[in-house]
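Note that the chains are named A, B, C and D in the order they appear, and that numbering of residues resets to 1 at the start of each chain.
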Amino acid sequence: MPADRPQRKTFPWIRAFIGTAVVGALIVVGAQIFEQQLHPVKPGGTPPPRVPNADFPTDTFDGKDVTQPINYSHKLHAGDLGINCLYCHTYARRSKVAGIPPTAKCMGCHTVVGTEKPEIQKLTAMWSKGQSPAWKKVNDVPDFVHFSHERHLQRFLLNNKDMNIKDSPDVCAMCHGDMNTVGVAKKMKPLTMGFCVTCHEKNKGPADCTRCHK
Amino acid sequence: MSKTKIDRRNFLKVLGLGSAGAALAGCDMPSYVTSDEGKENIYSYLAPEEYVIPGIGVWYASTCQQCPASCGVHGRVREGRVLKLEGNPDASVNKGKICQMGQAAIQGHFHPERIENPLINGQKATWDEALALVAKKSGGAAWLTGAMSGHQRVLIDAHRTAGGNARHYAVEVVNARPWEDASLATLGDANPNLHIDKARAVLAVGADFLGTWGNPVKSMRDYGNFRSAPRGVLMSIEPAMSMTGANSDIWVTARPGSEAAVLMGVGHILTTKHGVSVADMPSAALAFADMTPTKVLGLSDVKEEQLAKIADTLMANSPSLILANANHDTAKVAQVLNMMLGNVGQTLTPSAAITAEALLPVTGSSKDLVEFAMDAKAGKISSVFISGTNPVFLAPSKLDMAGALAKVGFKVAIADFHDETTTACDVVLPASSALEAWGTHVPVDGSDAGEVYIQQPLMENVHANTRGLGDILLAVAKGAGVDGLAEFEDYYGYLRTAVSALIGSDLEGDWNSILQKGKAVTAVNHSNFNAGGDVALGFSEPAAKAGTLTLITSARQGLFDGRHANLPWLQEAPDQISKAVWDSWAEIHPKTAAKIGAKDGDYITITSANGSITTRVFIYKGIHQDAISVPMGRGHTNYGLYAKNGVNPLSLLDASSGDRQTTELLNSGVSVTVKPTGDNRHLVRLMDVDSQHGRKLAATITADQFDRNQGGA
Amino acid sequence: MPSLLGNVFKGWSDYSKGIEQGGNQKYEHMFSMSIDLDKCTGCNACSTACYAENNLAWVGEYKFASRQSMHWMRIERYFDEPDVGSSDPESLDRGASFLPMMCQQCNAAPCEPVCPVAATYHTVDALNAQVYNRCIGSRYCANNCPFRVRYFNFYDNAPTAWPAPMDQGLNPDLSVRSKGVMEKCTFCIQRIRGANETAKREGRELKDGDIVTACQQTCPTSAIVFGDLLDKTSEISKIWKRQQVKLGTYKQEKENKDLRGYRIFEELNIEPKVLYLERVREV
Amino acid sequence: MSENHQHLTNEQVKDIDENIAWAKINNDVLNSMKNPRKGYWVALVLSALLFGVMIYAEVYQYRNGMGETLLNTSHMWDLYISSFVFWIGMSHSGTLLSAILHLVHADWRKPIYRFAEAMTTFSLLTAGLFPVIHLGRVWNFYWVMPYMSDRGIWPNFRSPLIWDAFAITSYLTSSVLFLYIGMIPDLAICRDNTTGWRKTLYTFLSLGWRGDDRQWRHFRFTYLMIACFLIPLAVSVHSIVSMDFAMAIMPGWHVTTFPPYFVAGALYSGCAAIITLFVLLRYFFKFEEYMTMPILDKVCKLTFVIAMVWTYLNLIEFSAVWYGHDIPSKEVLIAKATGPYSIFFWGMMFFGSVLPFSLLSKAVRRNMKIMFFISIFLNVGMFLERWMIVTPTLSMGYHPQGFNVMWPGWVEWAMVGGSFGWFGLLFLVFVKVFPCVSMYEVKEMVYHRKRTTYADVDEMMELHSGVPGPEAQTQQSGGA
């Protein structure tokens, strides 16, 4: 039986090309979106930091706003009034956790200062009832990460040649960003492992996993 | 971990909120991957002291209440929660060491099944209601407790004397009563100090001093030195292998109840072969002369060469120490041998009790358990407070403890867990755990340092509505109108004053140093042995004839007498000998197994005159052919989720197993019959092999090699 | 980001060189343990202390029966060879021997090279570290461990093991292991790091006795000694010296045959760092 | 044809009848791809169900934890790894037939190498599942692959598991390539003879194949190249898989002869699988003219030889252990033979080393039914072999405390069964979408056989079948 002669087929270059282009485009866009999830950066970027090291070691990170039981403003206390971080977060010097200042410390001033403000009155009410506010954790790392504030403060306060560090806030800013610019605290650095490792490699921090993961 | 020394009371004030929100370091259930902000809460302290730093553990001294031994402990407190217990180096009984039961105290403390509120007839009630009811109906109440000492005992006595001097029954099934009585009879001192570390040879006859006898931690600490060069020799004579037996160099198995005969046989050889003089004790000499090796063999299946070996070792290694708790007779023989061998004064020294008699410990006995049941049945007890013991579980079924309690008009339980007894009580007062309460304790054993151990709270109550034992006792005593207590609003206040009186100083500094060390040191009066004089030695034939099985309810470190059966850590800690977990088992000898036709994992029914239990067999050679050993501790009927499994061998005991002199329910003596049910399930054990398969795992060398190098290490 | 490729081939292998390469010279510490089997009474105190210190999950009878338990430190009980227990066929004539068995922290650990993601590796202080959050649960390491001391989280044990409020008693210094992760004895690494912090805080070097593991601390007979082998003055290195046991060999030549020190399975050339002292027998 | 074949019919002596018309070849093969019969759908549904069970088991295990497999502290690996090795082994058949035999010009392979090659690919896809599902934290499986991240951490390149990952992926890629390249001319034929979506597909896949000399020249060259490249790869892959065990220190695993042993076992199971599929395809697709008795005969002989090699290596291993000084290894060996797993061990020895001797009989070799079951049993033996490598070692090992016996739970069995479902699914789809017999190579074969039989081939062909000569044919329908 004579086979019918087919017309010659040529390879569909056009279609192949378009297909590839579409797939490639999808991949690129997807990667972009994923990256956005990883490090969301506010369009227009964050305002230029006033505190040194606020943009070190990686770019800033725009965490979501957290509503706290008391609308505490870091901008006011640390920024405008210029209170040192370690005045309130005093545990950071001596312990692995920086901790939240005990209510007594707040009341130290606020029995006389700003008593007319509603937020302060909220605090005073709690204090008199003997409760402590249920703060939300903002700079939170997974529980298998064991970070020591004490070690890091010591390292960078005592041994900071040509690092542009004058005072403890400059050290805090390395991981917490420029808290002078925000009201209620928000996460201003990614605090991912990459973030930590980058700094560790730059500053010869320990490269041993079990320093942080136990 | 720096052991910061701090002022206790301020710490308590601080903790007002410390424990309420203790998530400062994110110690909640871990969020594995999340690092999102705003997920977890942080609570701050209200007004902490300088030394309270989140993230840094602080160590506070207290006293362990897991067994009557009362070891001193340090508790690591962080973020207002106690996380770990360790021995208190300043406590001379345990010197920084504790046993697994002490380690597991944490789990009991945070246990989900704690009693959280006062109960009246099982209904939730307020403290005021409960205490009012108690005050109303508990006139002339008797007390049924575990071993008890310190100011808790003082309060109980005060309450009793105020209310017509009803009796205080102290129940401990695992006790040293035979030894105490024999020592009292022979040396005139119930609790002579033992110096195992000074002895070159120790012979333990049913006295499991490495497991549960006396203060095991102290004994083990001494045993550590005892084993370092020059190395002492440990021998034991017992029907079934105990922890002490498992560490013995010479282990001799004797028919249950015949231990006294064996010891006398040893005495026989000592007198005849080694010519040790018993001139000053004619009747003892008679007894020894009478107990010839052949007779011993007939009574106990112990061969002459074994006796000789023991006697030779005792002679070769002096000073030695002979400990016996099998029964009164045996203990007496042991003491006589100690005198003969000149151990008295060297490894046995007179005890030095503290001068404050009121604080001295009431050591428990199972005799009190029996007598309580009798008195209750006879209607002699109108009302009773039950604390720190579980009579319904411990009592042999023959005593019908439940029925006896039913006869008692008004029953108050002071407990932190629901158990068989609390359900039988009219009022249940929720006690805080030992780590939440104040108290003082005087160890039975051996501290002639005159130490009174302070039990102080290591954290705020986990359950807000519980109260410390001391506070409850105080409230009850107040309710009963005991005078002189009105001024104290809480037990802390009472204790502070009382201890100050004890040490003759109420300076803040002294009090703080007491709290830091965890002990108060007070005066002791040194006594002397009034040994000498003749001692009549008797041997009572055991009830069980040769060839019939005798039940041994052995006590093991871990679940102890059953009070720890609700702690998963201890349920899952493999038994020291059989390596079984989470269930009961019956140890029998291969020959016995062959006789009754049972193989490993078979269920057998053990029947005595008072009932029967069914459990699985574990077959090995570390037990006498006429013995069957079922460790006590399991078989609870109402002790929570984790204590459901196993059987309770204590229920099979009865007075026939009693010691003639002390009328103690001994842990051996009931003759039983055994028969397989036909079921078989593999006994869950850590390991199914007894042999090392030729690998060099646990290697051994001979003692002479050891001595040649002074132990090497 | 500097040196992304920096540690592609270095890091994992640095501290686990075998004997052929003459061992590793770069350790800062070399933590080791010695256990005197003659003092060990098999009382389980160390094991329970480990549960309390290291957030070990208890698993219950069923899982224990399927050998899925999590006890990092287990006390094994053997009766003596060859006659398993005694010369007397009727009964035993001496006690058992107890063997506390935990991770031996081998210097040439067989578990390390086989882990696909390098979740277990040798640290600069000669510890055989296990990084829980890196582990993907291929379980190759456990297969390759001659001691069978690596325990795998076959289930999510946390909810059953720590029902509220038991979770309040968890040790915050180390993480609770999740489902599908391998774990093992770490020589109480949280205590080691803690002691390091304290030493740094006080501006001094780590000294012998700073680090006390949970098992060592509680052992009632003080059978366990722990310390740094590189510190020649430490108790532990004295013991190794006295026992004439050397690292870096799989066959000990002692001039004094009566010494008790030995390492289990050292003939496999894996360099265990736990020194056992033989049990003594009266014969 | 030697004398002893005289009494046999053509169908029994000749690898293929040289008088098949080429158009008929096209039609037969193309028909095999069209309108599936009821049996096909039944098979498809069955495989789908099996695979569904696998999915369910995986979800169950994922939610409840690995413990559901009844693995324990001593047995950290079990059936998952065995099946992994088993499927990797299966994959070696295709390579053997298509690549090795291609290089040695054994042209009887031509009618059957295509589905063998497909089998390679699909069993690799199946094997790839197991290392992933056996992970405790399966969602992190990609951590074994080296990829740049700002954490700057890398997999451990010393671990045989990493080597596995690399070996398998590269093997998969190249075998897919090999399968595809080899199919291009046939795809062109399909393109010319189909309509609708198939036409679109084949048009795209056949890369504009016209079958002119230049294309043929490049095609042959490429095909040869990949074949050469594939052979060392095939050998290395299973050697590396064997190193998962050989690199460990456990008694019974730490064996020097493992790499060749594994490769032999792989080829063995592969050949057995080929026989199975051979019988099935021949039966279902009426491929009697192409998958002829003599070819089966040759495959069986090949299988027998490999079986003997495997047996030899087995005995080598045993004797090495037996006369060696390694007591634990000896214990493991004895436990294998006498312990709780002994029945499976002896089953493996019987199916693997004794059963093959039945292949010595021509009657057996040429009996489809018997061969079908024999081939199945051979593969059962091979599966047992893998199991007996993994499990007995773990049940003994060095430390007595770890001695225990473990039987896999239903989850593991479900996964193993499901893997067959998954394989069947892929294969069934393949035979309906792609030509499972290489048309152009069969034509070549026929042509060459004609050469041997007749003097002037082209005239004869005119004579017999009235179709134009090969060159014309080539021009026409893209065939050889």
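To be clear about the criterion, a residue touches a chain if its C-beta (ideal position, glycine included) is under 8 Å from a C-beta of that chain, and two chains touch if they have at least 3 such contacts.
Everything numeric here is computed off the predicted structure, so don't read it as measured data.
For the pairs B-C and A-D, the count of C-beta pairs in contact is higher at B-C. Chain C has the C-alpha centroid lying closest to the overall centroid of all protein C-alpha atoms shown. Work out the mean CA point of subunit B and of subunit C, and you get 31 Å between them. Centroid to centroid, with C-alpha atoms defining each point, subunit A and subunit D lie 53 Å apart. In whole angstrom, the spacing between the mean C-alpha positions of subunit A and subunit C is 38.
Between the CA-based centres of subunit C and subunit D the separation comes to 45 Å, rounded to the whole angstrom.
Multi-chain contact residues of subunit B, defined as those touching 2 or more other chains: 25-26, 30, 32, 686-687, 689, 691-692, 694-695, 697. Touching two or more other chains at once are residues 1, 3, 6-7, 69, 74, 76, 121, 133-134, 175-176, 178, 265 of subunit C.
For subunit A, the set of residues touching two or more other chains reads 96, 142-144, 192, 194, 198, 201. Residues 96, 142-144, 146, 148, 150-151, 154, 194, 198, 201-202, 207-211, 213-214 of subunit A are the ones touching subunit C in the complex.
Within the complex, the subunit A residues that touch subunit D are 1, 3, 5-6, 8-12, 15-16, 192-195, 197-198, 201. Across the interface of their complex, subunit C is touched by residues 64-67, 70-74, 76-77, 131, 134-138, 140-141, 143-144, 146, 148, 150, 152-162, 165, 244, 247-250, 394, 397-399, 401-402, 404, 406 of subunit D.
Those residues of subunit C lying in contact with subunit B across their complex are 34, 36-39, 41-45, 47-49, 51-53, 58-61, 64-65, 69, 71, 74-81, 84-86, 90-99, 133, 158, 161-172, 175-176, 178, 191, 194, 198, 214, 217-223, 239, 242-243, 256-262, 264-265, 276-283.
By the touch criterion given at the top, residues 327, 331, 398-401, 403-404 of subunit D touch subunit B in their complex.
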